[in-house]
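Two complexes follow with chain A in common, the first pairing it with chain B and the second with chain C.
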Partner chain A sequence: MIRPPLPRWLAVPAVVATAFLAVPLLAMVVRVPWSWFLALLTTTSAVDAFWLSLRTCTASTLLCLVLGLPLAMVLARSHGRLATVGRVLATLPMVLPPVVAGLALLVALGRRAWLGSRLSLLGVDLAFTTGAVVVAQTFVAMPYLVVAVEGALRVAQDDFDVVAATLGASPTTVLWRVTLPLTAPAIASGAALAFARALGEFGATLTFAGSLQGTTRTLPLEVYLIRESDTDAALALSVVLVAVAVVLVAVTAALGRSWGTRR
Partner chain B sequence: MLRTLAVTGVLALLCACSVTPTASSAPPSELVVFAAASLKDTYSALGRTFEAGHPGVKVRFSFDGSSILEEQLAQGAPADVFAAADRATMDKALAASLVVKPVLFATNTLTLIVPKGNPAGVTGLDASLHGKKLVVCAAGVPCGSATAKLAGLLGVTLAPVSEETKVTDVRAKVETGQADAGVVYVTDAKAAGSTVDTIPIRDADRVRNDYLLGPVAGSRHSDLANAFVAWVTGPEGRTTLAAAGFVTP
Partner chain C sequence: MSAIVVAASVAGRGAVLDLSVPAGSVTAVVGPNGAGKTSLLHLVAGLLAPTDGEVRVGDEILSNPRRVVPTHLRRVALLTQRSALFPHLSVLDNVAFAPQAAGARREAARERAMTELRGVGCEALAGRAAHQLSGGQAQRVAIARALAGDPLVVLLDEPTAGLDVASAAELRTVLAERLRGRTSLLVTHEALDLWTIADRVAVVEGGRVVETGVTDELLARPTSPFLAHLSGITLLTGVGRDGELEIAGGLRIQGLSDAVQPLHDARPGLAGIPPEAVSLHLEPPGGSPRNVLPAVVKVLEPRGPVVRVRLDVAGQQVAADVTSRSVARLGLAPGTAVWAVVKAVQVRLYGR
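Our next item is the complex of A and B:
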């Protein structure tokens, strides 16, 4: 099928939109003092922030997979009002302002909160710990995984799972041997998006976890802090965050393409 | 024809977008004040009384961290008055010729706050903080460098669980009970009201944080800007600032 061509004038707003999105990032790359870029990045606080971000984002992405995958599979098979409510809840953190997410976590899991105070009695004190950072990141990142995987499962037209079931495979076998391998590209791209979102998490961490070098001060919090005293260093770290984001989005896009060609 | 019209329309829209913000031709009676976040309550009140004393004048505020505001001024943000919460930031603005003749109008000192009732039994910047959750400002921001200086004077080593970028974040963490204690300005302790208990720190008055304000260089309403500076440093301003816990010179 050959689609009719787009009207040519559409190119104008499209170019403007591209420039609108690209110019601020390019301006940042231009402003960075490249001659001492490395020196700015290798301060202990920057290095600590980098490793902390890497550790917490890996942990929260794994949590997203462990908890989000089952949720996505259940949602993809569910209909009716309850499923709609579940779907709304699963996507809500995506659109919440980060500070609101932080406040919500605080009133639920804070030391004075109902759940938080009970957790403390059990010896689990989240306040100002790296665990609190992981909780905040998982809260805001999980929707990205759930939405990506649920979407892929819904549009999947293959009947391999039906065939497997008629051949006598148990539901668990079908899940491990058929459904999960077929959904792998969507799971991977959803995980990459979740990782990217966790990496950018700022408001909830700041409100809920605090900011201490090596413990809770992730890359975005480090940028926020050093911006007060050293704009150059803040820009250098920001460029690193942009670079990581570019890689993650590229990976997601590549996975999307391979998914597309396989089908 | 339709295509041309559409292109023209889009272009016209773009022009409108790019022109409107830069041509913010404020009415001559509008005064824009960039002030440190810790001045929010006092300056808002002073702005209202200033408007009452100057009919037809509207005062608009932008409250943020002093260095963030200084950076915005350096980038050409349109403001008439700049009030900073520390001398270093004002010196930077002065060196870049962003402000004219800044004056000292208030000082602030540090104090310790604990959640109402002091559940962790903190007695001051001392051994009672051992194992407790203390929150302070990070060393890179004015309240944090003041805290470090005071701790040095007292010969104590602080082991905070969090170093915040904004003093209001320290206050919020004590108010919500997340932290057992926090080092904030006297004005923050006052503003927190009955949600916290205040424990004065010995020798706190030896580390003073200076607040300076001055008209922004090239302000189009320099007369009004000077009048606002005079309002803040005059009896009206001193009364309001003192009520909030500031010490006026």
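Our next item is the complex of A and C:
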């Protein structure tokens, strides 16, 4: 079928929009001192920040899976006011200013805070530790996983869970052998998005965890810190972050496609 | 094998369903859309809870208003129109799903699955993915998958719907063979399913089971318009007068009174007329005892070599099968006035 075409003039704003998105990234790639690129990335503080980001983002993505998957499954099967409240809570960090999220975490989990002081008695001091980075990242990244998985579970309208139950599968068996494998692509793409969001986390981390080299200073914090004193290094690290983001988005898109063909 | 006894109502759906399926019988459930056929299946599968009454399989009460045994503990297999094979498992692992869920080891489960696949003639498809199967193949694999769990009861929701004629015929053969001796409930709209798969029929209308019986007997002398429609027989309603049925407009229908359900004078009755027994004429013919009824052509439906002519006879519908050649020769079209002629020996009269 040949669809009726769009108006030709629509191409102009579309091109402008593309340029708007592409130009800053290209400018950065052009400005990076490629001749000593590797040297810029291998300074102690850069390497520290890189490994810290990798460790914390992996940990927070795993935490998102452990906590976010059950939440997504429960939400996908829930109706009513309580479910609406749950759904709002699960998506709120997406639209919240990260610095506000960090402040909220500090007020709840800080050393002198209500929950934090009690944890402190148990020997768990969270604020301004690597653990705090993971908490901040998980807080802002989990919605991406929950939304992706809940959406996939809702559109899975072939009643595979009903069929599995009539074949004698207990709810736990259905979960492991049917629901999780069938939503695996959505889980993977949700996890990739959550990882990307955690990697870019800045405001909540700075507010709740501070900026201590090797402990809480992740890549974005390092970039911000050295952006004036050592612009070249900041640009090099930024390019690394862009490259990782590109890979994650490509993975998500590919998963979306494979999921589309399987249905 | 265990018998199914449903004596339950579902308030929200306006259903009061009462049905016994003898152990080992395949009972077809027929009825208009929205009559409560699927509710019946869902009650037995545990997908719908009764607001009153109970559902039993064998000696066990599976549902009553206080307690509903979860679907996975019922050993009730459900086969739907869409075969719903798991897309992430091979055909073999689809069929091995139920034995594995019951705790069988992978190898034992696959062996069992292979046996069931052989039973439906699909052993060659074991290694395929679900999306590589045709509709008919997928349904046959779904049957194997359902039976691999040794269900006490098999429920089928229009399994042949949506298949092409050849695949549906093949599936009927497989179902007839594999369901023989298993307590089954088969919801269908296809008269052929009744003849080939089911040994009993239950008619559901308006949320009630209005009639049950042995397939052959019920279809040979249908007493509800729905069954008559399924078996293709026209039913005229009227009142018994001197051994004949008087219908609107004072018309009298002669026929043979049914032995089991005879027509009585001054009592409501039915006349069953097979469409192939009706001939059409432009002038009233004479001859041996015949019913000669004034009729008006309503609709012409070509069906291969014959044309089904739907007639209006004193406000009731009568179907007649005639050749397309006679349609042309008589110049039949909607609105044509004709005489519908039926030999009395081909008409059966029932009391109600």
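Here is the rule we go by: the second predicted complex is superposed on the first by the 258 of 263 C-alpha atoms of A that agree within 3 Å, B and C clash if a C-alpha of one lies under 4 Å from a C-alpha of the other, contacts with A are read in each partner's own complex, and residues count from 1 in each chain.
Just so we're on the same page, a contact is a pair of C-beta atoms (placed from the backbone, for glycine too) under 8 Å apart; a residue touches a chain by one contact, two chains touch by 3 or more.
Predicted, not measured: the structure shown is a model, and the values here were computed from it.
Asker: Quick check on the superposition: with chain A as the shared anchor, is it clash or fit for chain B versus chain C?
Answerer: Taken together on chain A, chain C would fit alongside chain B, as the superposition shows.
Asker: Applying the touch criterion given at the start, work out whether A:163 contacts chain B, chain C, both or neither, answering first, second, both or neither.
Answerer: In the superposition, A:163 contacts chain C only.
Asker: Which holds for A:211: it touches chain B only (first), chain C only (second), both, or neither?
Answerer: first
Asker: Which chain, chain B or chain C, ends up touching more residues of chain A in the combined arrangement?
Answerer: B
Asker: Should A:182 be classified as contacting the first partner (chain B), the second (chain C), both, or neither?
Answerer: second
Asker: Taking the superposition as given, does A:16 touch the first partner, chain B, the second, chain C, both, or neither?
Answerer: After superposition on chain A, A:16 lies in contact with chain B alone.
Asker: Regarding the shared-chain residue A:128, is it in contact with chain B (first), chain C (second), both, or neither?
Answerer: Only chain B is touched by A:128; chain C is not.
Asker: Mind checking the angle chain B, chain A, chain C on Cα centres after superposing, to the nearest 10 degrees?
Answerer: The C-alpha centres give an angle of about 150 degrees at chain A.
Asker: Contact-wise, after the overlay, does A:225 reach chain B, chain C, both or neither (first, second, both, neither)?
Answerer: Touch status of A:225: first partner only.
Asker: Which partner does A:108 contact after superposing on A: first (chain B), second (chain C), both, neither?
Answerer: neither
Asker: Chain B to chain C: minimum CA distance in the overlay, Å?
Answerer: Result, nearest C-alpha distance in the overlay: 46 Å.
Asker: Provide the residue numbers of chain A that touch chain B in the complex, in ascending order.
Answerer: Touching chain B from chain A are residues 7-9, 12-13, 16, 106, 110-112, 127-128, 206-207, 209-213, 215-217, 221, 224-231.
Asker: Tell me, which parts of chain B touch chain A in their complex?
Answerer: 3, 6-7, 10-11, 14, 65, 67-68, 71, 133, 135, 138, 140-141, 160-165, 169, 172-173, 176-179
Asker: Where on chain A does chain C make contact in their complex?
Answerer: Those in contact with chain C are residues 158-160, 162-171, 173-174, 177-178, 181-182, 184, 262-263.
Asker: Over in the complex, which chain C residues touch chain A? Could you list them?
Answerer: Residue positions touching the partner: 45, 47, 70-78, 80, 82, 84, 86-88, 97-98, 100-102, 131, 145-146, 149, 155.
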